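Everything below concerns the one structure shown next.
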Amino acid sequence: MTFDFPILTLLILLPLCGSLLTLACRRSDLAARRVALFFALAELAVCAWICLASLPAAPAGAPAGFFLFEDAAWIERFGIRYTLGMDGVSLIMVFLTAFISAIAAVVSWKGITERIPLYFALLLALEAGIQGVFLSLDLFLFYLFWEAMLIPMFFLIGIWGHGRRIYSAVKFFLYTFFGSLLMLVAIISLYLMHGAQSGSYTFALGQLIHTSVPYGIGLWLYAAFLFAFAIKFPLFPLHTWLPDAHTDAPTAGSVILASLLLKTGAYALIRFGYPLFPEAARAFTPLLYVSAVIGISYGAWVAFAQEDMKRLVAYSSVSHMGFVALGIAAWSPVALSGALLQMVNHGVTTGALFALVGMLDERTHSRELATYGGVWGKAPVLAFFFLLFCMASAGVPGLNNFVGEFLVLVGTFRVSPAAAAGAFLGIVLTLVYTVRLVQEILFGKEKKPLALADLTLREGGILAVLAVVDVYLGVHPGPLLELMKTPIALLTGGK
Amino acid sequence: MKIYLSLMLLFPLFGAAISSLFGRKLPRRLVETIACAAVWGSFVCAFLAACTYRAPEKVTLGDWLSAFDLLAPLSLYLDPLSLSLAVMIGFVCGLIHVYSVFYMAKELDYARFFALLNLFVFAMLTLILAENLPLLYLGWEGVGFCSYLLIGFWYTDKRNADAGRKAFITTRVGDTALVIAVAWLFQLTGSLSITQLNGMAFLLPGGVITGIGLLLLVGAMGKSAQVPLMVWLPDAMAGPTPVSAMIHAATMVTAGVYLLARMFPLIGGSATVTAAVAVTGGVTAFYGASCALAQRDLKRVLAFSTISQIGYMMLGVGAGAITAATFHLLVHAFFKALLFLGAGCVISAMHHEQDIFKMGGLRRTLPLTFWCYLAGAACLAGLPFTGGFFSKDSILAALWLKGGGLYRGLYLLALLTALLTAFYSFRMVYLVFCGENGRPHVHAELKAMQWVLIPLALLGLFGGLLNLPDYLGGGFLNGFFARLSGGAAAEASHLEELALQGVASVLALAGLLAAHLRYGGKARAQRLKESALSSSALTMFLLNGWYFDRLYHAILIRPYQALSGVLWRRMDEGVIDDSLDRLAAGLGASGSWLGGWTTGRISVYIFSFAAGGALILGYLAWLTL
Amino acid sequence: MTVPLYHVLILAATLFSLGLACVVAWRANVIMMLIGIEIMLNAVMLTFVGGSAQWGIADGQLFALMLMALTSAEVSLALAMVVYLHRRKRSVNTDDFDSMNG
Amino acid sequence: MEAILFYLLAAVTLIGTLCAITARQAVRAIVYLVTSFFALALIFYLLGAPLVAAFEVIIYAGAIMVLFLFVIMMLELAHPEKLAKPRLSEWWPALILMLVVIGSVAVLAAARQPAPPAAFHGITVREFSVTLFKRYGVAVEVISMQLLFALVGALYLGRRR
Amino acid sequence: MTLADLFSIMPIVITAGAALLVLLTGPLLQAGSSCAIAVAASLAAGLWAASASPANAPVLPGLAFTPLAHFLIPIFCLAAALTLLLSHGYNQRRAIKGEEYPATVLFALFAMCVLPCAGNLLILFLALESIAFAFYILVSIDLNRAESGEAGLKYLLMGAVAAAFIAFGFSLIFAGSGTLALSAALAAPGNRAIVSAGWGLVVIGLAFKLSLVPAHLWTPDVYQGAPAPVAAFLSTISKVAAAAALLMLLAFAPPLSEMRAPLYLLSLFSMVIGNLAALLQKNIKRMLAYSSIAHMGYLTLALLTGSKEGYAAVLLYGAIYTAMNLAAFGAIAALSAAEERQLIADYSGVGFSAPFRGGVLALSMLALAGVPPTAGFIGKFFIFYAAIRGGQTALAVVGMVSAAASAYFYLKVVVHLYMHRPVASSPQNAHPAETAALCCASAAIVVIGVYPAPLMRLVDVVLR
């Protein structure tokens, strides 16, 4: 197999084709599910292949660190190119996307009962959009995917959600849309600035990073980028779309939202924000620290007050993503490794928690903590997984979240002890709400009789896979750390 | 050595994995067998390791965390300290596993129980053997997690679950301090290896060491239930008694002491830290003993006594007497496990009644338990020539020898505590075993359980042999630990040591006497009568653990809960979301208002248009002017 | 021709404004509004003719002629519409035609 | 002489228009307007545009105004009581607009006067026609289409439902 | 004038001839046939214009088949054809009979074909007014609805006043410069002050046609009153034509120093007020009207830069906006029964009961909101790119912010389409002609969104 084969394009097109094919399965819901699952798994297989294949170090024309690279003219007038590239960081995120999407497809196997083809089509379209974000190296292309992935998510929340689904869907869309439009202004400004300086008008990341941006303007441009990313992240105080969107989305929607969509913000900050505006980023670091630290504790604190399981997990996302932001703000090799690791970990763990909440919800049609109690006795397998993922979420060592948080904290402390010190409080507060969740759901007596069957084989399979990943990453994050080593070294200039 | 160490960890880990994953499908006997076999296998490995031990050794099993210069492999470190603890843990836990088989014979959810017990042993051994701090932290949190679930083992009762939660969260506070210390150390030295860090002590400025030491102390406070983070331990008695024996008496709670001992080469250099450790220990020892005086629940008495005894160990560390502290740690593990297991027998016989004022007469019905328990109480009280006597005395001696006003004061406090200890120990014995009012139920499992007490009783009584004073021929531990930094404490002269031991034994006997006078014989019935009446304020104060629970509830928990609601409703929904909603509503309203411009009347439209034209004309004219 | 263009323009502007004023003020009567528009267009023609005279070329006059044609087309359609609407609503008051608003 | 005539005619035009727009009756307004348009036609003539002057009289004063009269009659709007005359308050905005427009144009037009060509004797019909068909033939086509569709539209609207 | 010259203005001839043909044969033919002739004629004109090669030299006096015409006429013709296709079913359902409708559409098309070819102010003015004139008729074409006539009256009165303003403006320009030639009038070394006065009046007059604030007030009423296909036509092509007229004037005008401020304010107010007023609008056509006000604000923003990039953006945006609004109004037309669905709420659940038409409506809404990968995004990107490049960063930011707010009301339609339970009866089957038209429009939205390079190349050719 030669590497002229556009495998990155395949990564984007595969779900997209799957989406169209699924949509074509008007007659049979089962066929739609199967087609969707097939394509999700095929995507996963491609990712696995990339991991396993020993790829040559750098294809021609690729920036340093990228082992897969595709480049084609697209809109010549603006020097917009269809540039995709994959380095270790993208590979991790792409793999996560494929993995979580497959999980999401299985999660919604039974829970979605109407308009099934459309649902799965949107799910796959969303996957395509997210893969695009993680792969594009052209700012225009990136922006295109960045915005495009909003649409399927909007529909997923709005059509199959519950509660105030429309409000949440619109809020989600507007929040992110607003942020990204300002980013567009910044992108264009940067493009023009670079064009004026070098004479070559291009959106290619590799060239734009060489733009010399005047400090004052750089601040503004970076602020626009940061604003867009911070909303996706979400950083305090731009997070309020998240609890609503998570709570009202269908289970798979929440899973993808938490596991993947939030990651795009962090990823983009690492891939675009910092490299493009190193000086401005440094200037904004204190702000990012403050926001991250407040987010960690605040998210955890507010999560404690929640009565709705999903909302609780949603706020926990705010808290966990605070750690990611902290790691990025520190921008030291260790902290950044931790942040990336935490992105994956949060994706897996929180995704699993949302899936679990969805399973409970499917059984009892209630997400109120007050409804539950004594689930351990009723559904021990479910309870086992619930506990496992809760503990992972609380950062118990041996499970995955710990490694990420630990690296972030240790790495950050090295750079900025004050910022890290604030974040340490989060360790305690995280446990407080997690334990409350476990307590209310698993322990105690049944508050009212619940018809609570234990997990089915499908559900157990999903959770088992996620649990294996959780434990594996917890005890052996080495491969991931190894993958991200080169890109991080290049990004931070570390060794 | 590598194979011993890895098997030592892997046996319980596999035991836990099998029980947790397949436990419910497997026959009960098999699960129990696997669980016990795993721990005993671990003990055998530890024993073999001890036999083949020559010199401190570092073993790397695999790769865990390695990000750039941050390296935290799965590496273990075997030195006298960890080896002695590993052997003790293997042995005590093995016994308790066997005991549990009988104690939990009626329990349906045995798989979960044994899985957690095995997991606990794994985590505890990891903690002990870890060569680097993250791995230590893994064990540290692992034991906390197991403790959480085991305290709340009977989860249907909300109080049990709450107790577990309290334990988990309170210790997490301490753990956080530990993590901060780890992060700080990494920042300073770029290393996480315990051996390397201990070797780098002289490179670090004193103030920094003090800071790190204090953070480690806070970490230890949480895990070892020291003032002010001790509130969780009495409540933790909600768990099954073997759990209390294993986790909350013998092993986990001493992890804090172990941590400080382990890091002593690093932190021992700071006088502030040692003083702080000593003060914490002294205050805690006194606190625990005083509270134990008034407790009515058998297990709570033991819990407070554990707090108090760990206080002694901390005193030992604070005095720089690592050997003494470890000595006491080991002996305490034996006799406190013994006491708890004995208590388990008693409780089991009393139909799960735990109020000591409702017990009595067990001396005759459960003689084996009685004698073993008596041995344990004697150790606890520090009656001469028991194991507890020697170990406690070595700490007192170290304190005395350390000199200085602070340490002398602490010595006196420790003496007072010793008196109290003897008193409450025998108060307990008198109330539980004497008199007549018990109606015990002796069943088959109980008989088997009692046999487990015997080896512990023997170890407790003769634990002193591990480290006899010099005048009796010198101790094994002293020699064994001599190579450890801080292991060699100031040596007392024989005479001085004899005098100190004399004082201690007099006080212990005085306590025994006082207990006899107040609770022995006829006085016992009198006390039982009094107990039914309302208690004095002092009693209530002591019974409620100096009202620390209420204090924390008022200043921490309540505000936290209240604020969480406020933050959510007022801040998140009130300020952030509401301002956005208002903004949106405002925009919409202004839009509608602007839409109102479109009145439907052409005249308005034309006027607006013409006015626009006129304005443009006017502007242009103004430009030319 | 001795009249300066300036004066012609002033006259045209005044005429235009009068027409505009008529349109704006006479909202009660579509016919009067149309008359206003006619006045405005006459002012335009005046300007064109004045311009033509100023520059000595015929283009302005031509534009004026075309305007006349255009006006007549417009007026005929407008009046047809007025008649049509009057038939529907019995009113020529433009303020009566405000069923759509907002 | 021509200048005096111009100002006289301008006065007539303005007064006629003013009367027209403030007239109580639509019919009277038409009459005033016709007067004003006659004066305007003379001004056109003075400005060297005899053909436009003629058309002004024929088409405007003649055809269009008659069309108006016709519609007024048809809709029976001749009676003043049927029409709500603008109140004084409704004139104010109109007045302000007027002042702004006149003032602005006056200011702008006064800025700099272009010099007129030296010899101007009016534009002959021949000159006019040549320009029309040589240079603006397309305009004739377009306007003819427009007139056609004015017819189409009017007919369509006049259709009975 | 050679035969080749005549060939290049064949679109004008074809449309005029077809209009007359439809008028003449109308009474003899069925409605379908008239419509078919009209569609065929517009497509033929469009094809012809697309294949002819442009030249700047005039073919007839004052009429040149310029590159601009080469670009715009096919778009106009295609849009007219789509409108005719859309209105066939619609008119049948609403009992709008007669050959007048297709003939008038062709007349409008004829005027539109003339407009970009115009070489002097007179022909430009006549073309503009003819377009407006055709729309006076088209807006009030539905004799069964009072609103249609009312809208016609409003449009006519406003249009006439605006025409007077434009005419006065042109006359002042003529008086100041002494020429009617487009290439010379605005830049002539005559009386600049008078010319600029005329310029100002022309701008406000064109602002009416573009429905810029404060000359925007007619838009919602007229859109609401007009039949949906007519609104589609009106909201797209007449705007593009007006924008083209403004562009033609601007292209020859000296750098706009004095007109910058007025255009700036027109753009600013249009963007802000248009988007704000649409936020809570319940009537879908009025909402689209306000949205078109805002979009014309964006367009003015690009014009305002006075740069080549800005003009390119205007042209591209014009084409894209045509596709988007045709799809939106087309879907509204295709979803209408005997009555149109007036309120946004009337579209509840339609996305599922009529998947194709609902989908097109949703697509057009997303495109109007500027969400990639639709053409709307490319258009918006180009506009804001040009604005920032032209130094109008502040206005661009305002535009972006208001565009972000505008997503709300576009989404509202999508929300109703897919996320509300159906309230009204489900729509009848679509007429094949409507389906075809909607297919074309939505394909354009998607294709331009994904691969805009060819269209951009065309635009650049125009401005070379």
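Every chain is named by a letter (A, B, C, D and E) in the order it is written, and numbering of its residues begins at 1.
Assume a residue touches a chain if its C-beta (ideal position, glycine included) is under 8 Å from a C-beta of that chain, and two chains touch if they have at least 3 such contacts.
Everything numeric here is computed off the predicted structure, so don't read it as measured data.
Among the remaining chains, those touching chain A and also chain B are E. Per-pair counts of C-beta contacts peak for the chains C-D.
Measuring from the average of all protein CA coordinates, the nearest chain centre is that of A. For the pair chain B and chain D, the distance between C-alpha centroids works out to 102 Å.
Remark: chain D and chain E have CA centroids separated by 31 Å (rounded to whole angstrom).
Chain centres here are Cα means. That of chain A falls 70 Å from that of chain D. Computed from the mean C-alpha positions, the centre of chain A lies at a distance of 42 Å from the centre of chain E.
Multi-chain contact residues of chain B (touching two or more other chains): 592, 595, 598, 600, 602, 606-607, 610-611, 613, 615, 617, 620-621, 624. Annotation for chain C: residues touching 2 or more other chains are 5, 9, 12, 16, 19-20, 23-24, 27, 34, 45, 50, 54-55, 57, 59, 62, 66, 70, 73-74, 77, 81-82, 84, 94, 97, 99-102. Chain contacts: chain D has residues 93, 97, 101, 104-105, 108-109, 111, 113-114, 135-136, 139, 143, 146, 149-150, 153, 157 touching two or more partner chains.
Every pair of chains meeting the touch criterion is listed here: A-B, A-E, B-C, B-D, B-E, C-D, C-E, D-E. For chain A in complex with chain E, the touching residues are 74-78, 115, 140, 143-145, 147-148, 150-151, 154-155, 158-159, 165-166, 169-170, 173-174, 177-178, 181-182, 184-185, 188-189, 191-192. If you check the complex, the residues on chain D that touch chain B are 93, 97, 100-101, 103-105, 107-108, 111. Taken together, the chain C residues at the contact with chain D in this complex read 1-22, 24-29, 31-32, 34-36, 38-39, 42, 45-46, 49-50, 52-59, 61-62, 64-66, 68-77, 79-84, 86, 92-93.
Against chain B, in their complex, chain E makes its touches with residues 153-154, 157-158, 161-162, 165, 193, 196-197, 199-201, 203-205, 207-208, 214-215, 217-218, 220-221, 258, 261-262, 273, 275-281, 290, 405, 408. Those residues of chain E that touch chain A in the shared complex are 352, 366, 369-373, 377, 381, 384-385, 388-389, 393, 396-397, 400-401, 403-405, 407-408, 411-412, 414-415, 418-420, 451-453, 456-457, 460.
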